[in-house]
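Read from first to last, the chains carry the letters A, B, C and D; within each, the first residue is number 1.
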Amino acid sequence: MKDKLPLILLIVVGFMGLTDRFLPHPAPEHLNQYMRDTLLRIISAFALILGLGNLILRHMNRIRKKSTDWPHSYTLLISFFVASVIGLFGGVAGELWFPTRVGTFDFNITTIYNQMLIPLGASMFSLLAFYMASAAYRSFRARNWLAILLLGSAFIVMLGQVPIGYRISPAIPEISQWIMEVPNTAAKRGIELGITLGVLATFLKILSGIERSWLGSGR
Amino acid sequence: MNLSTDIWVWVGVFLTFCIYSFLYRDNPFYKFGEHLFVGVSNAFTLSFMVHRIIIPILVRPFTEAWRTAGSEGLSAGLFNPYAPSNFLVIIPGVIGCFYFARFIPGLTWLVRIPIALFMGYYVGRSVPAYLEGSVFPQMRGTMLTQASFDPAQGGILGGIFALLVLVGVIGTLTYFFFSKEHKGVVKWGAQTGIVFVMVGFGASFGFTVMARVSLAIGRFIFILRDALGIVT
Amino acid sequence: MNWERLLKIDRRVIFLTMALAIILPLLFPIRLTMGVQRVTRNLFQAVEAIDPARQCLLISTDYTPQTEPENHPMAKALMRHGFARRVPVLVNALYVEGAPLIDQAITEVMGDFNARATSREDSILYGRDIVYLGWQPPPIVPILAMGESITGIYPDDYYGNRTDSLEVMRRIRNYADVGIVVAITPLSSPLWYVQFAQTKYGVKVGAGCTAVCAPDFYPYCATGQLSGMMAGMKGAAEYEELVEQKYRTGGRLKATEGMASQSAAHVLIMVFVILGNVAYFAMRRKS
Amino acid sequence: MRWACILCLLTLPAGWAAAQEGAAVGGAPVETAVAGADAGEAPLGQPAEPAPPAPFPAPAGATARDKPNDGGGAIAIRWQPVPGAMAYRIERAGEDGAFVPVGAASALENAYEDRVEDGVAYRYRVVALGPAGEEGASPATLPARSRPQWFNGDLTGVALSVVAFILVVAWFIRRARRGEQLFVRRIAGLEAVDEAVGRATEMGRPVLYIPGTGRIEDIATVASMNVLGEIAKKTAEFGTPILVPNRDPVVFTVSREVVKGAYTAAGRPDAYDPNSVFFLVENSLAFAAAVDGIMVRERPATNFLLGSFFAESLILAEVGASTGAIQIAGTDQVPQLPFFVVACDYTLMGEELYAASAYLSREPLMLGALKGQDAGKLLFMALLVAGTIFSLITGLDAGWLLSTSGY
């Protein structure tokens, strides 16, 4: 029961998902829609609550145990609670009862998102420009012929990306596009075809119960 | 120079600085930025989850069904899961609560039910999507036809390139072949494959530099234009 | 010269020079000329082929402010192109995070056009020439549902208007009336449209993607599943140029301006790679 | 013997062809009505117009039929183009007989899809519009009804290939079950797993396992969960702490069960630390920021980055590399692979990630599935070569066998 029921459920909904695309009839279509748009969405909301509970408890623990950097756990908890109150009771755009405006200063959750999360996310993301430079410097060494291929094609494509490449020779952007269209396409296609086989195999392993690590320990 | 008077802009500048300081090394500014990021971002997700999912698709259908039942009495329509107001939304709610069964000794296995629903459904769904969206058209695109040599589409040279793609795809597939050691013919195939893979990866890397630099440009424009007003 | 020291150079030196390479061209701007890639031209042609009387251009966005510098100019260039040709433009956002950005882009481009308009016919009117459908989660749902009815899945637009009350939405019902969907993305939403909308409803799909995704999309451009694409900031700059050459729409060409910093950063990385290899071989010869 | 089965599969294309032809000709219940059989019949209703427009050649061969392979609600109208026409207007008549315009098509088109109610009979006619407003209406088609279909015949090939693959894998699994030894070659990235976990043990530092930033919908995440089970067994045996930060709450619930199960399976349920698997944040960049923090502060000796990764891949991999950790990465997100190859010690590319749990567990049944993957690859290669040779010799396009709807 404890193993079988989840496995049976998994097989049933697995086939439901599998056949969704093959059965255009409204009856299965509606069932699938219900599954995606209502059932699984509601369940995922509960998973989030569980996850947030886990995060809060972990940081409260860190404060209690005075682990390294514990004062920063306060930053996390306070910012979480304050912003949650603003978001939950102030509404998405400040339309609910909790005040999210002082004079001309707006701080509803959408504003907070735009003015705090966006700069944070964009800065984090843009670190990549720097990491790419250091990764290229560190790893693009012509150690063996495979490395030379990697380095060479990266070099040509980088040059083809910018107007200077075009100035050096109009052929460079052409070559770079050829690399993207021929060897790159071939490699990607080969990898993608393999991935599909992996997906199929994973589907079978999970549905046939060969792979059951997800069942965890409660047995 | 035309300094911004908007408090939020300076908050943005400060937070950008906090994150960039990590390039120097880990430091209290970064730790502050990191923890704030996690805290506020979770609050944002929670608010949206409540306002866009829990209330409209779980709570509201139920309370409306309750109200209808109060004024018009129970009817079969209130138990139709597809109806905008129905009592059956309680079922997904209960299944969602099974996640918390983990804390109830003896019932921990109930956690597997929502997990099974998620894994089963999406694993099943992805199979035809991959085959139809990826394998079939990509296989088709890889096969050569006489049209590959069509003068209108690059002629002989176009045909040779198409052949190269075919060779590359077969080589790459050979590289991933698990049942044979890379020896003999398989070795040649796999080596061809890895040549294509490495050239492709290099190209991919080179191509990406632009995207990443664009992001940094965006950040610096924010500081130079929005906050300091040095450039327009 | 101490090669070993050069090989083990502190990462922070690289970071600092990189920052300078990006900032200096921003402070002292120059404009560079460039060639146009085939895929960009194909996308431009596909948008040119839309019949303004019957069809619309659907711009589907799922970028967030993080990829704004790349994706935002694409959305604006497409809007400019649509407006210049009087093709109705529908825009949606697949994720809430990017939704306010699109509003800003629409306001800006509409403003540019309307500042030069002389009559009502000449202006860009909301509801007639452009509709911002807003956001419906999760992304897969609107992608599938728009095949049946666009107003069905987007009953209200971003600004809270009933979509079925908008002039253009009376003739644009579903994918059958969409000339092309151009998905502007840092992820793989063009492929979602290919996998879920094109396979089922046969709609044309184009892409505007960050440079990082572009290599992935070339195979789809080759098979024709994607009608064309703008790849990264360069693709956006090229599209800006194409629209500007043909229609003289004016407005800031953001992507074109950023290309100088791009060039500097690219050259810098290449210099680093060369330096690294010179040092590497010098060291190897020594040992 | 093994190849016999694959050979059978190679004959599949013929089966597909037959099936597709069947669907097109007689397979689907199609209600086709050809106009012109009685071309003399006068249209039953005319839209009221003040002055009748000048005549124009009418489109011939207009047909209306249920749109095949859909969920109902659509009728497909086709006609032969009229030279010189500027556009076409499509008109529909219900039971009452009056034709009303329902849509238009450009001069380049010769098909239109009308959205209608299921089960109701409609007749259509196509009006060709001339350059000066002339009109030429085709005779009315016979009535057509739209209805939903149960099976999407366009996908017969896809359905058959799913079935074929299931059979092949099942066959290999049966062989494995009978106790046959199945050979699998060395995969460097996976050979290194033991060494990598061992190194963390020696250094007394934790192992960091990042199950990607995808959701459970991404199958790579499911594959990663399976690998996590195997790696957690190893850390349980070695007594090395493992850290599993999660970005998706649903994945978090799964990975927690997986790790706990692995510790139980390894016979060390007491060593399982409930704090080792934790949820961080859904925003993937906030997640990257927090994981960077973990990397520089907890200094794990080994980082596993296995699953679905997006733009944050290089942020994680470069920061991990700067802390000196051994890094084993793997993803099926092809655009991220180059970054992992450049910044990590070992990279599992695409399919290798899916093979990893079978490889690590060495469980015969799982290896059977792996063999099935290989058979699939052989099939792909054979089809590509055979299709190319066939097309080049005959001048036909073998690829159309692989066409699904929309192309």
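Heads up, the rule we're going with is that a residue touches a chain if its C-beta (ideal position, glycine included) is under 8 Å from a C-beta of that chain, and two chains touch if they have at least 3 such contacts.
All values derive from a computational prediction rather than experimental measurement.
Participant: Central chain, going by Cα centroids?
Facilitator: Minimum centroid-to-centroid distance belongs to B.
Participant: Which two chains have the most C-beta pairs in contact?
Facilitator: Highest contact count belongs to chains A-B.
Participant: Mind checking the centre-to-centre distance between subunit A and subunit B? Centres are C-alpha means, answer in whole Å.
Facilitator: 4
Participant: Using the average of all C-alpha atoms in each chain as its centre, how far is it in Å between subunit C and subunit D?
Facilitator: 24
Participant: Roughly how far is subunit A from subunit D, centre to centre by C-alpha average, rounded to an integer in Å?
Facilitator: The answer is 18 Å.
Participant: Would you kindly tell me how far, in whole Å, the mean C-alpha position of subunit D lies from that of subunit B?
Facilitator: 15
Participant: Going through subunit C residue by residue, note those that touch at least 2 other chains and give them in order.
Facilitator: 11, 15, 18-19, 22, 66-68, 199, 211-212, 214-216, 219, 222, 225, 232, 234, 262, 265-266, 269 - these are the residues of subunit C that touch more than one other chain.
Participant: Identify all positions of subunit D at which a residue touches two or more other chains, and write them in rising order.
Facilitator: 155, 158-159, 162, 219, 222, 250, 253-254, 257, 280-283, 285-286, 289, 297, 311, 334-335, 337, 339, 341-342, 349-351, 355, 370, 373, 377, 380, 404, 407, in rising order.
Participant: Of all residues in subunit A, which are in touch with two or more distinct other chains?
Facilitator: 18, 21-22, 36-37, 41, 43-44, 47-48, 50, 52, 55, 69, 113, 117-118, 120-122, 124-125, 127-130, 132, 134, 136, 138, 140, 150-151, 154-155, 158, 161-162, 180-181, 184-185, 188-189, 191-195, 199-200, 202-203, 206, 214-216, 218
Participant: Under the stated contact criterion, what part of subunit A meets subunit C in this complex?
Facilitator: 36-37, 41, 110, 113-114, 118, 121-122, 125, 129-130, 132-134, 136-138, 140-143, 151, 154-155, 158-159, 161-164, 166, 170, 173, 177, 180-181, 184-185, 188-189
Participant: Taking the touch rule as given, give the residues of subunit D at its contact with subunit C in the complex, in rising order.
Facilitator: 73, 104, 106, 113, 115, 285, 310-311, 322, 334-335, 404-407
Participant: Given the complex with subunit A, which residues does subunit B contribute to the contact?
Facilitator: For subunit B paired with subunit A, touching residues are 7-8, 11-13, 15-16, 18-20, 22-23, 31-54, 57-58, 81-82, 89, 91-93, 95-97, 99-100, 108-109, 111-132, 134-135, 138-139, 141-142, 161, 164-173, 175-176, 193-210, 212-213, 215-216, 218-219, 222.
Participant: Okay, in this complex, where on subunit D does subunit B touch?
Facilitator: 155, 157-159, 161-162, 182-187, 216-217, 219, 222, 250, 253-254, 257, 280-283, 285-286, 289-290, 292-293, 296-297, 335, 337-339, 341-342, 349-352, 355, 370-371, 373-374, 377, 380-381, 383-385, 387-388, 391-392, 395-400, 402-404, 407
Participant: Under the definition above, what is the set of subunit C residues touching subunit A in their complex?
Facilitator: My answer: residues 9, 11, 14-15, 18-19, 22, 32-35, 37-38, 64-68, 97, 100, 138, 140-141, 211, 214-216, 218-219, 222, 232, 234, 259, 262-263, 265-270, 272-273, 275-277, 280-281.
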